[in-house]
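Before we start, here is the structure in question, set down as C-alpha cells.
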Amino acid sequence: MSAPLLEVADLAVTLPVEGERRTVLHDVSLAIGPGEALGLVGESGSGKSMTARAVARLLPGGAAVTGSIRFDGTDVTALRGGELRAYRRSVAMVFQDPRAHVNPVRRIGDFLTEGLRLRGVARAEAARRAVAALADVGIPDGERRLRQYPHELSGGLLQRVMIAAALLAEPRLVLADEPTTALDVTTQSEVMAIIDELRRERGLALLFITHDLDLAAAVCDRIAVMYAGAIVEERAAAVLHDDPLHPYSAALAAARPAVDRTLPRLAAVRGRLVSAFEAPAGCAFAPRCAHAQDRCAAELPPLRPLDGGAVRCARAEELRGRLAPQEVAGG
Amino acid sequence: MVAFVLRRLALLVVALLVSSFVIFAGLQLAPGDPLAALSGGRSLPPEALEALRAQYRLDDPFLVQYGNWLVHAVQGDLGQSIAQRHDVATIIGERIGVTAQLVALAAVIILVAGVGLGVLAGLRRGPVDAAVLVVTTLLAAIPSFVAAIVLMSVFAVQLGWFPAVGAGDGFADRLHHLVLPAIALAASALAIVARVTRASVREELEREHVETAVSRGLPRRLVLRRHVLRNAAIPIATVSGITILSLIALSAVVERAFGINGLGATLVQAAAAKDLALVQGISLVLVAAFVVGNTLVDLVYAVLDPRVTVGSRAA
Amino acid sequence: MAEPVLEARGLRKVYGDHVAVDGVDLALAPGGSLGIVGESGSGKTTVARMIVGLTRPTAGTIAVCGRDRSQPARGTAERRRRAREVQIVFQNPYASLDPRRSPADALDEVLRLHTDAGADERRARIAELGELVGLDERMLRARPRALSGGQRQRVAIARALAAQPRVIVLDEAVAALDVSIQAQILNLLADVRARIGVAYVFISHDLAVVRQIADETLVMQRGRVVERGPTEQVLDDPRDPYTRLLRASVPGPGWRPVRRGAPTTGGAT
Amino acid sequence: MSADAVVRTARSRRARLAAGDVVAWICGGIIALAVLVAILGPLLAPHDPNAADLNDQFVGPVAGHPLGFDAQGRDLLSRLLAGARTSMLGPTAVVVLAMAAGVLAAVTAAWRGGWVDAALGTVMDVLFSFPGILLAILASAVFGPSLWAAVIALSIAYTPYVARVLRSAAVRERAQEYIAAAEVQGASAVAICARHLVPNVAPLIVAQATLLFGYAMVDLAAISFLGLGVQPPQADWGVMVSTGKAGVLQGYPAESLAAGLCIVVVVVAVNLLGERLGERRR
C-alpha cells in the first residue's frame, strides 16, 4: 500500500460522564489509503461512531484524546483555527440522521452552496454546481429542490442532499456514519450504490461506519470489526465473512438471520453487549465467547498481523479455519 | 402560509368577540342593581337615573344590550364615565399615549438588554455566563412595583437624577420622566427574556445541524450567525413578544407607583370607584391590544420558521 | 387451515384523504406465525394497531377466536376479555416500559387486571414469566433504566404473555436491537411459541428476520397486500415486482447495491 | 446508547455539575421558613402589628423594635411577620386552583385528542387573551376589592399557561408505547392516566407549580399594591410596599423596602427551586 491518507494509531478517548472519566475508545489503529474504502463494523457502544468523530475533530468538549491521527502526514489532533477548518473541508462527513443534521430553517440551496460561496465561488456558479451535484446523486429537478426546505423532502432524498453537499466540498476522505440506517431497505440500496459509484469515480477514500457486516462487505475494500472500544479484527472485505479470524466477527456474521435460506436456529451470542468503559480486564469479548479460556480473561492481546489481516485474539492461530459461519451454528 | 394567516386572523376576530362579551357580561352581571353600578354608587336624581336606563336600554334583553354596546364600541362610542363626567372614548384618547410610550420604551429596553445579555451568556461559558445568570435570577424575582420603589428611592429621592412622579410634557421631558418607570416595568421581563435567549442559544449550539456546519469547516462567526442565532431567533422572538405584551396590563402597576396618568392607572381608579363604563372601555382597549399583539407574534413566528404551515406556536 | 384464531377482512383505514390501509385480508392459525413485511408508509403498523384495538378501522372486520373486535369495546369486562385475546410488543425498548416501574411491578399490574390471584400466587407467576423470557430476580426488581435494550424487550414480551393471550402482535419488536441481541430475542420468540403455542403476527421491514420467524408472509406496499404465501416461497420465488425489488435490496454475502435511476420516492415526506 | 446520545449526556452532565444542589437546599430552607412564619406569624410577632403610635412615626431601629416603625408608628417586624400569612396563602390558593384546572385540561386534551383537544385549546386561547392583572382588576370592579376575588381571577388567568405546557408534555407521554401497552392490557383511561401518565409528568407539574407560585406571589402583591387586593390596615407585604410609598418620597424607604425584600427573597428561592426541579426531569 502507498502512504496512507489517514492513519490512526493507538487512539484512546475518554469523556467526562457523571463526574468520572469514561473510556469510549481504548485502542484503535487503522489506516486508509487514497481512494480506499474501509468499513468500520460494530454494535452499539463499540466506539465506531466515536472513532469517526475523533477523526473529524467533533468530539464533545472535555474529551481527552491520546494516540495519533494523521491525515496526509499532518497531525490532526494538533490543528487549530484556520488549519483545522481547512482540514475539515478536505474530510466530508455524512451523518446517520439527515433530518437533524441539516438546518431546518434554511433552504436546500443555502445548505449546498454555503461552503462554495465561502471559497469565493460566485452565486450563480455555486447554484449551477449544486444542481449538477444533485443530478449526480440522482435528483433530477435540482433547480426546484434548491428552493425547498428540508421538511419538504423525504429522508431518502435528504440523505442524497447530504451526500451531494459532502461531494461539493471536493474532499479527499468521506466519513459516512451509518448513512442508510434510518432509510428503507430499497432506498438504502440506492443510496449505497450512489456513494459507491461516486467514490470510485472520484477516487475518494471512504470510512464507512455500519452495524451491517454484509453492507460493509458490499462497498468496502477492507473491514475493521470493533468491540468495546477496540478493533478486534481487520481483514479484506472479500474474506472476512467466510473466513473470520476473531470469534466475535464470526459470531456477528452467524447471529444475523439469512434471507436466502431458513436456519433451524440462530447462533445467538450469550450475554449482553458491553461498552468500552465497562469492559472487563483482558479480552472484552471473553465472557461471551464460546472459545474463551482462562488466559483470555487475564490479558488483552494486541492487534497483530495474521493471514494478510490483523486480529486481537490470543487463540487466533489455533482457531484459524474453525470459525466459519456454519461451524458456529447451534451454539 | 396564506391559509395560516387567514386562520390566525379568524382566531383574532373570535378572541376579540369572546373577550368583549366576557368584559361586557362580567360587569353587567355584577351583583347589585346595574343602575347603582352605573352610577358608581352615588345617589342621582330620578331624571338622571331615567336617562341612564334609557341610554343603556336596561329593559332590553341581555344579548341585545351586548349587541348595542358592541356596535357603539366599534363606532368609538364607549359611553359616559359617571365618576369623571366625561366621554369614555375621550378619556381613553387622552391617556393612551403615555401608556403606549411607556410600554414601547420598556420594550426597547427588553429587546436590547434582555436579548443582548442572553446571547452573550449563551455564547460565553464561564464568568460572563455565571454573572448574567445571577443577575437575571435576582431581577426576575423583583416585582415591578418593588423595582419602582427602589428606583424612585435611589435615583429620584436620594440622587435626584430623575423626577419621582408624573409624566412630563414634550419629548425630552417625557423621556426623562419615563426612564425610571420603563426600567421598573422592564426589569423582571428583561430577565425572563435574557434567560430564554440564553437557553435557546445553548440549545441551538448543541444541535446536530450546527455540528454539520462545524464539520464543513465554516468559520465560527458564520456558524453562529447563520445557524445558531438564526434558529434561536424563533423562540427568542416568540418569548420576547409575549413578554412585552404582558407589560400592557402590568403598566397599571408602574403608572400607579410613579403617579403617571395613563390608561392603566385610570383603569385602577375606575375599578376602585366602580365606574363600570370606564372599566369596560379601558379593558376592551387593553385586551384588544393584547390579542392583536399576540396575533402579530404568531405571524412573526410563521415568517421566521418555514416549517409552520398550520397550527400555532409550540408552547 | 384450522379455524383461524385471528381473521381480518377488508381492513381499511383512511386519515383525511390519505388511505393508509386499503382492503387487507389476513388469517392466522392457532399457534401460527404470520409475517407482515413492508417499508415505511406501507401501512403495516396501522394494521398492527387495528388488530390490537389502538386504531379503529374505517371499514372491515377483525375477529379473534370468532369474536368481532372492529368496534371499540363496551365496558370493562369486554375490554379485559379482548386484552386476554391479543397482546402487543412494540419496537422501542426504551419507550415501551413505564420508567417509574420495575418489570415485576409492570407484570403485577397485568396480573391484577386479569386474574383473581393473591399476592403469593402473583409473585410465583411473575417469577415463572421471568424464567420463561430469561429475566432473573434482580432484573425483575430493577428500574427500566438499569436494563439493556434486549432485557427491556424481554420484559415487554413477558408483559404481553402475562395475560395469556392467544395472539401476540410483534410490531418491529427486534428492529431496535443489535444483531447479537436480536438473535437472542428471535430464538426466545421461537422457544416461547413452541412451549406455549401462542400465535404471532410479526410486523417487520426486515425480510431475513421475517424468514426466521414467520410461517406465512404478507408483503404490503402503500396500504395494499401485493403478495402472500408461505414465507419461503415468497422470499425464494417472489412473483410481485415490488417483492422482487425488496428481496434484491437486502444485503448478503456477494450482494451489490444497485442504482435504479431517478428516485421513486415522492418529493414530500 | 448511540454516539449522539453519549455526546449529549456528556454535555448536559457538564452543564449540571457547574452548581451543586446546595442552592436547592438553601431555597428549600427559605421556603420552609416562610411557610412556618405564614402559619405562626401573629404568634411570632413581638408586638401588635396594628398598634399605631404616631410618636414613633418613621423611627428607626431601637431596642425591642429591630426594624423600627412605619408611617403610623406600627412595629415593622411585627407587620412583616403578620403579613406573611396573606402573602403566602394567596399564591398557594392560586397554585392549587390553577394547577388542578390546568392538569385536568391538559390530561383530558392529551388523552382524548381530536375535537376535545381542539375545543379545550380554543377555550385556553380565549382565556389567554386576559392578562392576569387585568382580570384581577376587572374582578375587583365586579366583586369589590378583596384577596379572594384576585385569587380567583389569577387562577383563571394562569390556567391556560399551565395547560399549554403540561398538554405538550402529556401528549408526548401519551404517545409513549408503554401507555399504548397499558391500553392493550385493558386498563381504563382513568387508571392509565392516574397510574402512568400523571406520575410520569409529575416532575414537570411540580416544577410548574413552583414557578407559578412565584408569579402568583408577585401578581397578588401587585394587586394589593394597587389597593384592589388585601385591604389595609391588614398587614400584607404588597400592601406594605404601597403604604410605605409615602415614606419613600420623604426619604424613609424602610417599610417598602423591607416588605419588597421579603417578596423578592421568597420568589428567588421558589424560582431557583422550580428550575432545579425542572432540570432534574431531563
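Read from first to last, the chains carry the letters A, B, C and D; within each, the first residue is number 1.
As a working rule, a residue touches a chain if its C-beta (ideal position, glycine included) is under 8 Å from a C-beta of that chain, and two chains touch if they have at least 3 such contacts.
Since the model is a prediction, treat every value here as computed from it, not as a measurement.
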(Q) According to the touch definition, list the chains common to the neighbour sets of subunit A and subunit D. (A) B, C
Q | Per-chain CA centroid nearest to the all-protein CA mean | A | D
Q) Counting C-beta pairs in contact, which comes out ahead: B-D or A-B? A) B-D
(Q) Could you work out how far the Cα centre of subunit A sits from that of subunit B, in whole Å? (A) 54
**Q.** Gap in Å, rounded to a whole number, between the CA centres of subunit D and subunit B
**A.** 21
Q) So how far apart, in whole Å, are subunit A and subunit C when each is placed at the average of its C-alpha atoms? A) 31
Q | For subunit D, residues that touch 2 or more chains besides their own | A | 4, 11
**Q.** Interface hub residues of subunit A, defined as touching at least two other chains
**A.** 44, 97, 151
Q: Give every residue of subunit D touching subunit B within the complex, in rising order.
A: 4, 8, 11, 15, 122, 125-126, 128-134, 137-138, 140-143, 145, 164-165, 167-168, 214, 218, 221-222, 225-228, 238, 241-242, 244-245, 248-249, 251, 253, 256-257, 260, 263-264, 267-268, 271-272
Q) Given the complex with subunit C, which residues does subunit A contribute to the contact? A) 43-44, 138-140, 148, 151-157, 160, 184-194, 196-197, 211-212, 214-215, 217-219, 241-242, 251-252, 255-260, 262-263, 265-270, 272-273, 288
Q.
Under the stated contact criterion, what part of subunit B meets subunit A in this complex?
A. 207-209, 211-219, 222, 226-227, 230-231, 234, 304-307
**Q.** In the complex with subunit B, residue positions of subunit A that touch it
**A.** 56, 58, 84-89, 92-93, 95, 97, 100-106, 110, 114-115, 118, 149, 151, 165, 169
Q.
Quick check: in the complex, which residue numbers of subunit B touch subunit D?
A. 11, 14-15, 18-19, 22-23, 26-27, 29-31, 137-138, 140-146, 149-150, 152-153, 157-158, 164-165, 188, 202, 206, 208, 245-246, 248-250, 252-253, 256-257, 267-268, 270-272, 274, 276, 279, 283, 286-287, 290-291, 294, 312, 314-315
